[in-house]
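Before anything else, here's the structure in question.
Should a chain be cited, it is by its letter among A, B and C, assigned in written order, with residues numbered from 1 in that chain.
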Amino acid sequence: MMQTENLVIHIPGRSQPDALNWQIEAGQCWGILGPNGAGKTTLLLTLAGLKAPHSGRILLAGKPITAYKTQQRAQHLGLVFQQQQDNFPATVLATALMGRHPYLKSWQTESQADIALAKQALAKMELSKLENRSIQTLSGGERQRLALALLLTQNPSLLLLDEPINHLDLHHQIAVLEIIHQQVQSGKSAIMALHDLNLAARFCSHILLLYPDGQACWGEKNSMLQLPALEKLYRQRLITTQLAGETLFFPYSSIG
Amino acid sequence: MRPTHFIFFLLLVFSVLTLINKALATVKLTDATGQELKLAETAKRIISLSPHITENLFEIGAGDLIAGTVEFSDYPEAAKQIPLIGGYEQLDIEAILALEPDLIIAWHSGNPLAQVERLAGLGIPVYFTEPRNFSAISHELRQFGQLTGKNLKAEKAARTFEQTLHQLKSTYANQQPVKVFYQVWEQPLMTINGEHFISQALNICGGENIFAELSQLVPVISRETVLAHNPEVIMGGGMGEATPAWLNNWKKFKSLQAVKNNRLYFIPPSLVQRPTVRFLQGTQIMCEKLQAARNQRVTSHK
Amino acid sequence: MTLNLLPRLILLFLLALLVILLGLLLGSVSLPPEAFFALLTGQGTPLHTTLILELRLPRVLAAFATGGLLAIAGALMQVLLRNPLADPYVLGLSGGAAVAALLAMLAGLGMFWVSSAAFAGALFSTLLVFGLAYGSGQGSATRLLLTGVVIASGWGALISFLLATSQAHQLPGMLYWLMGDLSHAPSSVIPWLVLLVVLLALIPLGRTLNVLARGTLQAAALGVAVQQVELIIFGLAALLTAIAVTLAGSIGFVGLIVPHLMRMVFGYDQRILLPASALAGGSLLVLADTLARIVIAPQQLPVGVITALLGVPVFLLLLYRSNRQ
């Protein structure tokens, strides 16, 4: 679905970053792990075609991403940002409906089918009751879920998500990750930047580790989730254990 | 009497006579603001703070006594040679002081009073003028005559002015009144009320300013009101020289009687914008135009 | 979703017609209602016919067009800069027009030249701001705003200079232009055409604008060609403002207040908001101009004074309400 060739993302001041030769296939769910400042957001923006790379190129379905018209590109991939810009009051439903923008010609208005899709997406994100509320009255978690509903309405084959479970309570965190998992099972791909090591371990099939100095390594999750690599990544001692067949990681501290 | 006593007596008489002479040589008058002004001798280096003051000084033959004047002092020609000391709204105090004047003649409503008071505070005598009607013009001519010692010429100029004025009044003031709209600016449309000098001139000519009753001296009015009043004569003569264009803008309103009878008149602005002797020339023109309108009225009624 | 707003839009349209009618009936010369009916049947007196057809009708139409143009320009600027405090003049357009118009007045030129100068000045200022903001290739709405504010200040300084050095008798004319005055609006055929054409052109752009309001990155992620769209919006807003300023000088508050008021009634969908703003802006300006004509009749006020007097309390009210929410 997506392929990078010698991709080096643009982060000022970095001297020897690794070039990424990365392949993302359908049915894969990639987790990007790394401390703050490693460049996770920059990487996602670059993959989405919203930021120019330092060097290298990105191929989307075999075609360079720069060859796509923005509208076409938006039909293939969608991005959920870390922060939402909510300067202007709009209703929740109207915002979710924006996800259909890439499929509509300028003069067309949203059809009943489009509205149905948006409502479905809102239902999945448990926002149906808030359909007609102004987005400025939503809590942080509700706004995050709305952004995800927008992505679902957009229905691209590649989902890019920058820390999608920020601000969400535990119930919604799991709900969102399960929905993403479902989407991936149905033949899509997802790339998400996550802070929570354990959730990444559970819900992702593949992992990319992004180090602050620009080094990167990627692959199947089992081969990536090795203690030395992770400790080096987070510069934090970790202890690991097995629970119900899953590997769990805990930060080590002399206290407690 | 012994010879020495006689000489002392002569010296005493001589001293007393000189003192009396000096006391009599003082110029003493009241200016337009009611303030009394005393000068030890007639002014020799005058600063004129308005083009009309300059014009009037030249009228009484005191033009060569003007040491400095303000911008736009363009009449008569000789006035253009006088050194400039700023504009009538913004004076150059330093330039004024550098000219070492012994009298400043100021325009009360036109000059920046704070600046003029500053000059007065520095010890320079200030005479305020504020001519609001015709008799004020001849009065000021006489006052200037006293200030400059040109009493004879001033008296002559004032008399001529009064005679011409009287002539105009007796010829025209009691004629059939003619309704007039007087335009002083196009954008926005501005006219004058009854207190304005030009309106007074119209009265002398037997004209009726349709906007005489308004409270502002130079109000902005609507074309609608002019149409509703339907004046017999439209005169244009503000400060711009583009007046003929203003008159043309009225021509499309065919319902106006002034347009139908072609009574749109241009008055040269330079003849109506200053309270000087030339104002009579402007008044003369106005009177003649109004008379033409009256004559036309008579013939059209026949 | 937009369907329940349709009755409100129709109501607004009817309100606009009513306001236009009022503008024709009211003026410094009072017109009895019978006279108006007589006019409609072709039996009006010459005075009334002239008043309504030759004086009031062109002026009311010019006022409506100007108000509509300014309101749309304001709405577009607010989307473009994603700032509810933006107005059509924030990028220095009116300043450039003002300097050019004042220079033409100082040179003693007639009204046609003053208007042409104003238009040229507005376009020049637009190109200047645009060139400075986008010239280095790093253009963005923020950079545009900053450049525009600086250029606007520059024009403001020049205007002060021109006012300070002009002769006393030229000042009323200059001040009236700066405050906004419809008493000499030329024929408004072109402004009306532009207004209608732009409204039509904005229909397809409406949804794109909605998406753009959510942020440039998000819009790009949803397939919007952001820089292209921003250029078009800016160009349209500049054109609309230039025409409005040419017609009536720099009338304030309409471009700022009307989109806010319309958002309160119609929500934030630009597809409804823009035509609603046009209707409301036009109505507001006709109303303000009518007041300017009758408040101290027969003396006239420049319409900009009325819009400012109306605008300030309305804005304070809006602030108060938004604080309470």
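By our rule, a residue touches a chain if its C-beta (ideal position, glycine included) is under 8 Å from a C-beta of that chain, and two chains touch if they have at least 3 such contacts.
Predicted model, so just to flag it, every value in this text is computed and none were measured.
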If you apply the touch rule, which chains end up adjacent to both chain B and chain C? none
Specify the chain with the shortest distance from its C-alpha centroid to the centroid of every protein C-alpha atom present. C
How many Å are there between the centre of chain A and the centre of chain C, using C-alpha atoms for each centre? 44
Cα centroid separation, chain A vs chain B, in Å, comes to 84
Touch list for chain A against partner chain C, complex: 45, 48, 50, 69-75, 78-79, 81, 84-91, 93-95, 98-99, 101-102, 104, 106-107, 109, 115, 154
Which residues of chain C touch chain A in the complex? 1, 79, 82-84, 203-205, 207-208, 210-211, 213-215, 217-218, 220-225, 263, 267-269, 271
Looking at the complex, which residues from chain B come into contact with chain C? 72, 89, 185-190, 211, 214, 216, 218-225, 227-228, 230, 238-242, 245, 252-255
Interface with chain B, chain C side, in the complex: residues 27-29, 46-47, 49-51, 54-56, 108, 110-111, 114, 167-169, 172-173, 176-177, 181, 183-184, 293, 297-302
